[in-house]
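In the two complexes below, chain A is the common chain; its partner is chain B in one and chain C in the other.
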Partner chain A sequence: MIQAVMVISTQGKPRLLKFYNFQPPEKHQELVRGVFQLLSARPENVSNFVEADAIFGPGAKLVYKHLATLYFVFIFDSSENELAMLDLVQVFVETLDRCFKNVCELDIVFNFNKLHTILDEMILGGQVIETSSEQIVKSVEEIARLEKQSSTASIIPKSISDRFSR
Partner chain B sequence: MEQLRTIGRELAMGSQGGWGQSKEFLDLVKSIGEARSKAEEDRIISRELEHLKRRLADPDVPRRKMKELLLRLVYAEMLGHDASFGHIHAVKMTHDESLPLKRTGYLAVALFIDERHDLVILVVNTIQKDLRSDNYLVVCAALTAASRLIGEEAIPAVLPQVVDLLAHPKEAVRKKAVMALHRFYQRSPSSVSHLVSNFRKRLCDNDPGVMGATLCPLYDLILEDPSSYKDLVVSFVNILKQVAERRLPTSYDYHQMPAPFIQIKLLKILAVLGSGDKQASGHMYTVLGDIFRKGDTASNIGNAILYECICCISSIYPNSKIMDAAAETTSKFLKSDSHNLKYMGIDALGRLIKINPDIAEEHQLSVIDCLEDPDDTLKRKTFELLYKMTKSTNVEVIVDRMIEYMISITDHHYKAEIASRCVELAEQFAPSNQWFIQTMNKVFEHAGDLVNIRVAHNLMRLIAEGFGEEDEGADSQLRSSAVDSYLRILGEPKLPSSFLQIICWVLGEYGTADGKHPASYIIGKLCDVAEAHPTDDTVRGYAVSAILKIFAFEIAVGRKTDMLPEFQSLVDELSASHSTDLQQRAYEVQALLGLHKQAVESVMPSDASCEDIEVDRNLSFLNSYVQQALDKGAAPYIPESERSGVASVGNYRTHDQHETSAHTLRFEAYELPKPSLPTATSQTSISLPTTDLVPVPEQSYYKDDHQMSRPQPSGNALSGEFGTKLRLDGVQKKWGRESYSSSSTPSSSTSSQQAANGSTNSDGGGLVVSSQARESSYGSKRQQGTEVSAEKQRLAASLFGSSAAKADRKGHAGRKAAKESHSTDKVNVAHAAPQPAKDQVIPAVPPPDLLDLGEPVSSSAPSADPFSQLDGLLGPASASPVLSGTSAPSASSTPDLMSIFSDDVQTGSTSGSTDATVGDVHLKNSQKGATSVAAKKGHSLQDALQKDATARQVGVTPTGNNPNLFKDLLG
Partner chain C sequence: MASAPSAPATAPSLLDTLFQLSLDDLVKSLRADPSAAGESAAIVRALSVVHREIRAPEAATKAAALQKLTYLSSLYFAPVASHPLAFPAIELLASPHLPHKRLAYLAASLSLHPSSLSLLPLATHQLHKDLSPSTSSAVSHHVCALALHLLASPAAAAAPDLAVHLAHDLVPHLSRGSPRAIAAAVRVMAACPSGAVPLLFKPLAACLASPDPRASTAAAAAFCELSAPPADPAPFLPLAPDLYNLLTTSRSNWALIKVLKVFARLAPLESRLAARIVDPVCQLLSSSSAMSLTIECIHTVLTALPAHAAAVALAIGKVKEFLGSSDDPNLRYLGLLALGMLSPAYVSTVNESHDVIVLSLGDPDSNIRREALHLTMGMVDDNNVQDIAGMLASHAARSDPEFANEILGAVLAACGRNVYELVSDFDWYVLLLADIAKSLHCAQGDEIGRQLVDVGLRVKDARPELVQSARTLLIDPALLGNQLISPVLSSAAWVCGEYINFVKDPVELVEALLQPRTGLLPMSVRAVYIQAVLKVITFCCNLYCERLNDSNKELDLVFDESAIDQTAVRSSETEIRPGEDEILMASTTEKDPFSQKSIVYMISLIEATIGPLVECKEVEVLERAHNLMGFLHLLREIQELKDMKVGDHTKHNRVKELVKNMQTIFSQELSPVSVNALKKVSPPEDLVLNENLAELADVVSEDDTTPSTSIFLSCRGSHSAETEDESATSVGSSSLLSEHRKRHEIFYLPTGKAEEDANNYPCANDPLLSADNRIATEDKSEAVQLVSDWKKIKSTRSRPKVVKLDGEDFLSSMMANANIAKENSLSCTVRGVLMGRDAKPLSSPKVSDRTTGGMPKNMDSGESSSQRVENIDDGIGSHSRTSKPQNNEKEKSAIPLESDGKEARKHRTSGRSGHRQGKQKNRERPSTQPNVVPQAPLIQDFLL
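Now for the complex of A and B:
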């Protein structure tokens, strides 16, 4: 299964973190740092796979793609196929590109919640559920449309928020 | 500059306001981007968190704003700041009825907390409610959250709803419901065990996406228990066939490949189901062959499928035809320019050689290229492959490479791993003790602190025991070469502690044995070691004991030894050391120096570290003393078990003085002056010379011995203790003759037995015998022909492998000899060792014979490519008529995948029979192929190998600039 998806800037800043095996928030930065060090040390024109068992425990592998100012990183275990994962990164990036029209780092910074939505359409519980970027874009747009509708249409009773505020 | 772009972009964003983010959030991101230092960034975020804390708690904040506040909180947490105060707000937001807020709430909750968190209990109810919602997006959000947040206890609460959703009209919902169930299964298999039939049912879902999703839980289930899903093999094969034949809607295509992820998953499942099952595998060959033929090696995803096919083939019951296809694809991978594909190729090769080691031969050069590659990942993968294919014939080359690489890397994690692999391989396959010691030296020198200390003890043990048996000369030569190398190595700075321990021990034990080095020289060196490591007590202890031994040996042979001033000061210093162990050792040295020659000789017998120390457990030598005491009226000893009531420590001690029983003594280790000293000395320390080399077992022995030696004062105790200490550690299991050979079975055991005479007769008589033996075995192989078992194939592989490695080794031997200016016969002895073994096990193959063999065959067998012939055979038989005939109608009748299952029996049987005939033809073919390969190799083999050997010796990559070899190997 896929253990985590990370988007890290070339400066080492996390742009998106999603763990499918829960990791306590305190550990996130350490993992990001470990991955970043690993990737920034790699020369150009080498393979996109790295064994990451030093960071994520035995058997963990990592596939990354370096695009512009970002590293897209998928971490997974031995039950996934490396080349297929590389294509999944490709699907993810293609989808982003479709959603944002020429995606750049800033789109990702400002819209990380949309990235989560996209990822949720692709991967659920660490398993790939959709690989057609067209399909993903479609459902993401559908969600955006319905969200807009509901936010304008529905008038929310205040009582709910009152109940929980202290 | 990034910042500049940031600003420009931000202006654009700000004006359009695209995703509803406010100016504040943009400002935050911008200021973080512009922060000059980590501290400044931290300040900005803490300020932001304070702000958020206030606003989130404020009941008057509009709802639209709440969403953004929560997102800002998520952002802050992603940057590594504690936002736990906001978790409750996230939970609260999941209750909201507005879809965007609810989704944001779920997102934040899923990111913040896991199923063990206290707040989850507040979410479960919401999830329950949302699963029943009419809005499918709400249901989806709830399912996503459920797969993340529902722990074992909460599963029953939501399970019924999730199961109901399996029949939801929207395929997106069905898909997610399947995945949520899968997640539940991972959390707690028992909670969903009654739902397995649902997964099977979903396999026939109208929507291929749902079917694909179902494969994930099924894969896990099958992995757990393959046998109860064998009935699905045919279904899976049919689905795979339909997918591969593009029966799915084109929307499932990805880069012109039909539903590649579904194909990959199916192949993974088939690999598990077909493993070791000939019948199940029989169903798969055709479709696998099809996929190979249609395989698209131009795109990444096409290669992913091909790779998965190879994995599948290497896992299921082997079929030679399909193996050839896999091997061919693997070689394409290996020859590719892409590092990714090379990586996959190496991995695939590693899988295939488990079934047929021959395949590796063809790719030797590609593999070596990968080893030289600057890409670390590729290099590691290659080492993994080499590790898998190490045999006694190639262990030297491989371990040399590994060590070279180990030295070059800094990553401790991997360094430790590769060091332990080196040790493992060396222990398993070492062709000679000499080589083993040199290898271990290198490993210790560069990764000494990372390997298990037991390895160090094994090494000492080996040096101490040597070859064993008759050949004492070789042993002492081995030792003196070890001593030489250690004296040289000692000059280098920063040696790891465990390596220093070995060095000290060996120098102490054998430093003066061959008389090449004066005692004072070695003592000086040892003093340097002790001085250079003032904080490492273990090393100092080893050093002092080593010095003590050298003194003892010198005194024993009657040479006068001067007390070096630096040694004197060392002893003085240690006598006042904080470590009692060091103190004791220092005092022991001083005491020993004062003893007579004879006493010293019996205390510290020369080269006696391997001797067994006879332990008189009954302490019979004390009998007269006991008797004496009894006569004087002392109370007789009552064993502890027979004593009644409370045994106070006090009287326990008095008893103890009279007689010792094995388990009482250990509490008393350091006191007790024994009046019976003289007898004890003579009896315990003079050990019986014994040839029994079986490792002395473990703990109990140690204890006994320990107790024996402790009560005796200084020098005496030392001898016992030192002997036992070493023995204890080394004993574990590894280096005894049997365990050394255990993994490499008969070959190395015979090798060590014959090592002694190997040098004399391996070239003459042995050869004749072996060639005869080979002749006959070769004949039998031919007769069997059709059933080429894996075992035979392996033997056949070592044919080529061994001769290659031999050539290689010659190079190595030459190098070593030149470097170390050792007497040549010695090297010969070391290197002749494996040879007779080979002759025995694989009744095979000194190079000249191979040539003889090759010639006649080569004339008979055409050098045509066996694959091309195969292709021709395959084409009509399996591809067109049978398959297209049966599958076409089913496709036209209905899109449902399962409908084809009804005609599959027919398909299976027909394809099976064609398979059989094809297989038959093929086997003949493969035989031909095998012989022709042999022929190819035979031709000018030595020439090529020599080149290869020299290339490796010089360390040059035999890439393109070794055309001769290349041509030779690949035809």
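Now for the complex of A and C:
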């Protein structure tokens, strides 16, 4: 299964964290730091796999992609195929790119919920449920539409800035 | 624009709601000041606001606050107190408003925590409602997906109750073949096997045969996850026909990968399976263009089908393609990994790729380097060990420090494996060890040091070369500043001191051991250096005396008497020191180092260097320095030996005798000790095991090791030369010991006099370390006494105080050493032997207990495996005969069997835990009623 998905900036700041195995919250920061140290020490143009036993326990592997200012990291165990996971990272990045039209770090910073929606369309409980980026984009758009329908009932605007900008 | 609501309202009001900051605002405020301090201040501010807002009655306010809190706790690791997040989240789960519901589900699945699980039952009803397929609208479908996400979240996995209650609700979704439900079912089954497996297994298995490729892919993934280690894959054997069907018909690479993974686990359990799958796997291997599928096929072939030579050859061909792909490091890495999976039977294939592997050692990717190293070490055998080790050592010199040490560690481990079974040329190996130690980034000092001593002890023939190598290490002043290799220097010093008879130039050695830069060494190593000096000077003086004797015999009759005396002594000691003649032979050829002049030079050099250390703060160094200086004080007389030939015979004889006795102590051979030596010590016949131990219970419980430590310390006092390795532990335990002695005086042998002496002696450095200091000061006082009163020499040599502590045990333990002996440090030997005798009553019940506990366990697993085999035969047999199991009848027949298998497994585990309890009971029982080894409960468990 997939044990965790992380998006970490090249500054070492987490942009998206999702654990599919229980990790105590007080350990999260340590895990992010461990992964970041591991990745930032690796030169460019080397393999995308790293053994992560030291951080995530025996048998854990890590696949990552370094794109612009972000590391996209999937942590998985022996039940997943390495190259398939690499593909999945690619699918995730492609989907983000489609959803945000040329995704950049700021999109990810400001779209916490949407990011989770996208990820949840792809992975559930550590199992891959959808691998087609098109399908995922479709589902995400559908969800956005449903939410919009539902939120027309809302009387109070979400934030003052929204209110003023109207 | 909006400013932060700073009004500290006591209760959440509409105002709060109106002026609430959204998540975007929060993100902006966090980004406004990117410094760590500014950020943490912003977090604290936001948290205090959120904690107020989250208690608001309006759902919108609450939802926005929850969203912010989720964000902060997820990405900024904000310390969210135990459950402020959980309750509002669960409250909002029931919201009819979809965005709120989504937020609540996200918050719950991200941050529910086992400590907040007590709240989860509150959510059960809501989840149940959301999961039930009331309408088929898009909204309810989406809500259902949210509920499934929560159900599969890690927090829910820790709540088996939730899983049990909601397992029923999953069934309709499973029968529809929803990939989400299938994935959630895996988590639910893992969370609560007893409750969920009987319900969910059948619909899940049905999904494997589903015509919907998404369902079958998800089901294959589900079974791959369920059969993953540490689970036992055997219960999944009945699924083989469906999986086979998928393997031959599916076009989804994801599904094929998962099916192959399951087959790789199942094939070793059932030989017929391997024969069935080998063809489709080979077909996939040769036809597939997807690398992920190819590498999975290779894995499957190499791990599960090693007997099918054609398939393995095909896989190896693919692996070589991977290795050759120069542009993709991922493929090269995976290719090397695959090579590492090859069974030892195909070691020649690995050797064929030798060049690629060696080239990969220099790859910029540390993964590839490491894997290449791993493969290289796998190639090592006794024919090529010299080539490979040499190649690796030179490679280490060119690598970055971290990898260099990995290489060196691997080389040391490989060569040292199984008592150097690969090494045939020890002269080479000793040179290699010295070279490695001298290499730039070497941090393997401990292991090299250990092996240097170990080789010295175990391999007699390597000693001349070993001493040579040690000498090159010792005389190099540049090495002294390198803390990483001080353990190596320590071992080198020990080796040179211990095997001094192979040293060509003792004077040079003494100079090396006393060179000014030794001040840079850690104190523990200096202590070893000083001890080595003592051995060298003893050896030289002894030879000098011997030679003096010989020459005097010829030239002068004055020494006749002493010569006779000498030979008498020697003949009485011949059995203890067989190497004596050899030493003489070796030395007479070289005259220089043993002339009076050089000895006097050495003595003055030692006095000049070691003298200041007599006031050293470190007890080990202090003690050794005192020993050495005391000995030198006595040797002063030696200078006069030659001059006053008609001097005091008895005085001269005393000196000679002293030197000779010292030499005797050092010249005894140390042998390595087998790890099993302790077991081989049979308890004396008259020893009744476990008798009287109840009385000692309070003593033993506090510190079982103390009794033996006291004995060990006493031996050390008289035998300090050879126990140097143990010094560190003795310092630590000595204070404990003295305290223990105070409390349990009656169990100790009387030592009144020794302690009085210690108390009388004026300059004890540290009262806390009394036991150790006592010995140091004893030595000192002995030295002083010796100088002042020659008549006591003989008595001090045998250390009467020590003898009092342990009676004759000292000598007998020495003899026992020689007999049983097989470990590198003598102190361990001593302790082993003594504990072997003394602690036997303690350890033996455990041993017997272990064996009795182990047997039923084996039988138990044997029984269960036979049971398993039956299951398999039933399952597979019924299927494979009809081969294509599309009808549901077969499915039905398979599944009850399957669940039986599960049941059996559960039984087995419960049985095993029963054993464990039984074992614990056994372990406790011998202390109270030790004579009966309790068999009864074990047998009962076994019958279960």
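As a working rule, the second predicted complex is superposed on the first by the 152 of 166 C-alpha atoms of A that agree within 3 Å, B and C clash if a C-alpha of one lies under 4 Å from a C-alpha of the other, contacts with A are read in each partner's own complex, and residues count from 1 in each chain.
What we mean here is this: a contact is a pair of C-beta atoms (placed from the backbone, for glycine too) under 8 Å apart; a residue touches a chain by one contact, two chains touch by 3 or more.
Small disclaimer: the values here were computed from a predicted structure and weren't measured.
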First, second, both or neither for A:Glu134, with chain B first and chain C second: first
Look at A:Asp77 in the shared chain and tell me whether it touches chain B only, chain C only, both, or neither; answer first, second, both or neither. second
Under the stated touch criterion, which partner chain does A:Ala54 make contact with: chain B (first), chain C (second), both, or neither? first
If we overlay the two complexes on their shared chain A, which of chain B and chain C does A:Val91 touch? Say first, second, both or neither. first
For A:Leu124, select first, second, both or neither according to whether it touches chain B, chain C, the two together, or no partner. both
Which chain A residues come up in both lists, the one for chain B and the one for chain C? 13-14, 16-18, 22, 25, 28-29, 42-43, 45-51, 79, 81-84, 86-87, 109-110, 112-113, 116-117, 120, 124-125, 127-131, 142-143, 146-147, 150-151, 154, 156, 160-162, 164
Report the residues of chain A in contact with chain C in the complex, numbered from low to high. 1, 13-26, 28-29, 42-43, 45-51, 77-79, 81-84, 86-87, 109-110, 112-113, 116-117, 120, 124-131, 142-143, 146-147, 149-151, 153-154, 156, 158-162, 164
Which chain B residues qualify as touching chain A in the complex? 2, 5-6, 9-10, 13, 18-19, 21, 25-26, 29, 57, 59, 63-64, 66, 71, 74-75, 77-80, 82-83, 88, 92, 95-101, 103-104, 107, 111-112, 114-115, 135, 137, 143-144, 147-148, 172, 175-176, 179-180, 182-183, 186, 209, 212-213, 216, 219, 251-252, 254-255, 260-261, 264, 268, 300-301, 303-304, 307-308, 338-340, 342-344, 373-378, 380, 411, 413-414
Help me check something: in the complex, which residues belonging to chain C touch chain A? 1-2, 17-25, 27, 31, 58, 60, 64, 67, 70-71, 73-75, 77, 80, 97-99, 102-103, 106, 110-111, 113-114, 138-139, 142, 145, 148-149, 151-155, 157-158, 179-180, 182-184, 186-187, 218, 221-222, 224-225, 228-229, 253-254, 257-258, 261, 290-292, 295-296, 329-330, 332-334, 364-368
How about chain A: which of its residues touch chain B in the complex? 11, 13-14, 16-18, 22, 25, 28-29, 42-43, 45-51, 53-54, 69, 79, 81-84, 86-87, 90-91, 104-106, 109-114, 116-117, 120, 124-125, 127-132, 134-135, 139, 142-143, 146-147, 150-151, 154, 156-157, 160-162, 164-166
